[in-house]
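A short write-up of the structure that comes next.
Labels run A, B and C following the written order; every chain starts at residue 1.
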Amino acid sequence: MRRLFDEELADLDSSFTEMGMLVSQTIQKAVQSFVDHDREGARKILENDHQINEREAAIEKKTFEMIALYQPVTTDLREIVTILKAVSVLERMGDQARNIANSTIRVKGTKHIANVEKELGEMGEMVASMVSEVMDYYVKNDALGAEAIADKNSILTQSAAKVRTDSVNGMKEDAELVDSAADYLVIAGYLKRIGDYTTDIAEWIVYKRTGKIIELNPGYNFFI
Amino acid sequence: MTNSNTDLKPASEFIRENAPERFIYNMDPEKHEIALSTHDLQVFYGDNLALSEGDLQFERYKITSLVGASGSGKSTFLRSLNRMNDDVATVKGKIMYRGVDINTKKIDVYEMRRHIGMVFQRPNPFAKSIYDNITFALTSRGNYTKEQLDEVVETSLKQAALWDQVKDELDKSALALSGGQAQRLVIARALALKPDILLLDEPSSALDPISSAQVEDTLLKLKDQYTIIIVTHNMQQAARISDYTAFFHMGKIVEYDLTRKIFTRPKVALTNDYISGNFG
Amino acid sequence: MTDSKQKTILSTRDVHLWYGKKEALHGIDLDFPEKGITALIGPSGSGKSTYLRAINRMHDLEDNVTVTGSFNFNGTDIYAPTTDTVDLRKRIGMVFQQPNPFPFSTYENVAFGLRLAGVKDKAVLDEAVEKALKQASVWDEVKDTLHKSALGLSGGQQQRVSVARVLATSPELLLLDEPTSALDPVSSHNIEETLLKLRDDYAMIIVTHSMSQASRISDRTAFFLSGDLVEVDETKHIFLNPEKKETQDYVSGRFG
């Protein structure tokens, strides 16, 4: 039997995954602009940030309506709750991309550390692919895949630690690197935060699939 | 923390104080095709005013729910729409249908009810075959060939989503049908007259959830071709299937709006209490 | 409320029921704790009402019904030949779908069971009637019209008087067969409030077609389908993480 609810849920699902893809692309572009010192690209990201916020608001409004109109239970309720929780995580990822773009625009240093920027570029690619991967697990309802995201996030943590060591060493050796290196530290922090957010979404995917609330983020709560 | 401003009130009270007493959504005739509208409808049982200030517009090809407690006037209102109250009550005010006030003496009520059909709470098929249940109203008031009748039976049963289940036993007594099937037969019977507007008075309250879901499914399919007005005690049903909802309370329409607004952001405090099940 | 350490008031094992040759229940094992509300849900023909009525031997009144299996009610074998059904129905009270007051006063309706049991003392009756009506949360509405016909009350008030009538005989278990399906939402709400107040003191089993009612008021939910018990668990589990696909489909309104 056809249920209006199922149609609306399918629509909600696709808006949510579309928003996930948009966020993933935005993160990738933000990191690319930083590595390329492309202020114009960074400005575009700031201009388009409202799209992510608007999508979040529209999806939230839709979930409230569906809860009020259909009073969903069991898997239906879990799916809606997952979207409602995960959509605000996506929005916070968008905020991190915006922070990266802001750093790109105001960066003052003229001297750079090439290997750190390379490392940051790789971190950016990795974190963007984690975001699209976690969205894929959402679509496939793959709780095992979602749990595996936590392993990738620990690799990201190691990269962030390496950026930190290299930046600090750079600053010790050459005072002219301090401006750039300070930004490297901050960007690595933003990227690491996004990685943590993907594990938050992964936790909700596990909830949607199994009804169990788990903790995938074993408390690396320091900034980088 | 102590609050220096003693006038501060909890948000819920603030909302209550600022809520309007009534809110009636007014359609823009440019954007919404209005199938039926009532203007200052009043219904009296003897001297007792059971409904007043009945002003509603019904959009074509939409489902409108009328909700409210027993005695709120919603069924009284519904029954007035196709003059079912003529014998028991005095109905004042206008009911406009295709530019004509149908609440006047010169209207042929039987003819009007072919346009505005009614389905009742309890499935009430006649003690006749499934086929005759549908053709009865037609054959008693006109001449039809067997082919024409066959076609009407098939079309209306298909519209009511019952054809596949009964097509091989059209001669069987309608009383042998399950509750959900019987209610869909009654809907098919109303559709046989090719009405424009379908009024339903708690059509699924006597049914179990599965039969009730079948009836809801049928109504959702029918709204492509019919304007549907339904009285229901089941708030979730109103939320699930209707485009507009009118909330009745003590003989007045308190709030009328898009269903999704009524269920997420009602404007009137009374509506808010009723739909959230807060009846204290 | 659903403390697993709670004493069991009713334990049924391998309950089968036939209407003639047609088997309507295929071996139901179900236990009920001595306090709290258990909801029986399922589509029409699932056997939930048939099972409920078997508990206080309502099927005795029908020809051609065969019941087998064990019904252990606080040590009483419900279907033992020596069990007196009048006494049994005093201990296991039943409230029906349609409010069914007798055509006499509210007072006499509530006092009926006690008079049947031979209570004649007016003071005892007065006290029992008031207590039962208070428990059923209808006292304030009827206290001034106790000696007027109960038929003049609203549907919701009549149904609460029916609950009071059952409570007056101090039952150990209350069976409710769709007690609100004939009522409007406000009256249903009042009945639900009444049941919620009673659940600390009574064991109740309610058959309901309203999934939201089951989720609002019951501590445990049992899902019946085609004469089988598919799943029984705490209500919050049934509505969030049911074990069985059939349960999940039914409670989320996915029918066939």
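The working rule: a residue touches a chain if its C-beta (ideal position, glycine included) is under 8 Å from a C-beta of that chain, and two chains touch if they have at least 3 such contacts.
By chain, UniProt protein names: A = Phosphate-specific transport system accessory protein PhoU; B, C = Phosphate ABC transporter ATP-binding protein.
Everything numeric here is computed off the predicted structure, so don't read it as measured data.
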item	value
Per-chain Cα centre nearest the global Cα centre, belonging to chain	B
Top-ranked pair of chains - ranking by C-beta pairs in contact	B-C
Centroid spacing, where centroids are CA-atom means, of chain A and chain B in whole angstrom	48
Approximate Å spacing (C-alpha centroids) for the pair chain A, chain C	53
Centroid distance [mean C-alpha coordinates] between chain C and chain B, Å	33
Shared-contact residues (touching 2 or more other chains) in chain C	211-212, 253, 255-256
In chain A, residues with contacts to at least two other chains	1, 5, 71
Of all residues in chain B, the ones touching two or more other chains	213-214, 236
Parts of chain A lying in touch with chain B, wherever the complex brings them together	1-2, 4-5, 64-65, 68-71
Sites on chain C touched by chain A in the complex	211-212, 215, 239-242, 248, 251-256
Interface residues, chain B side, partner chain A - complex	213-214, 217, 220, 236, 239-241, 259-260, 263-264
Chain A to chain C touching residues, read off their complex	1, 3, 5, 71-78, 211
Residue ranges of chain B touching chain C (in the complex, touch as defined)	69-70, 178-179, 205, 208-211, 213-214, 233, 235-236, 274, 277, 279
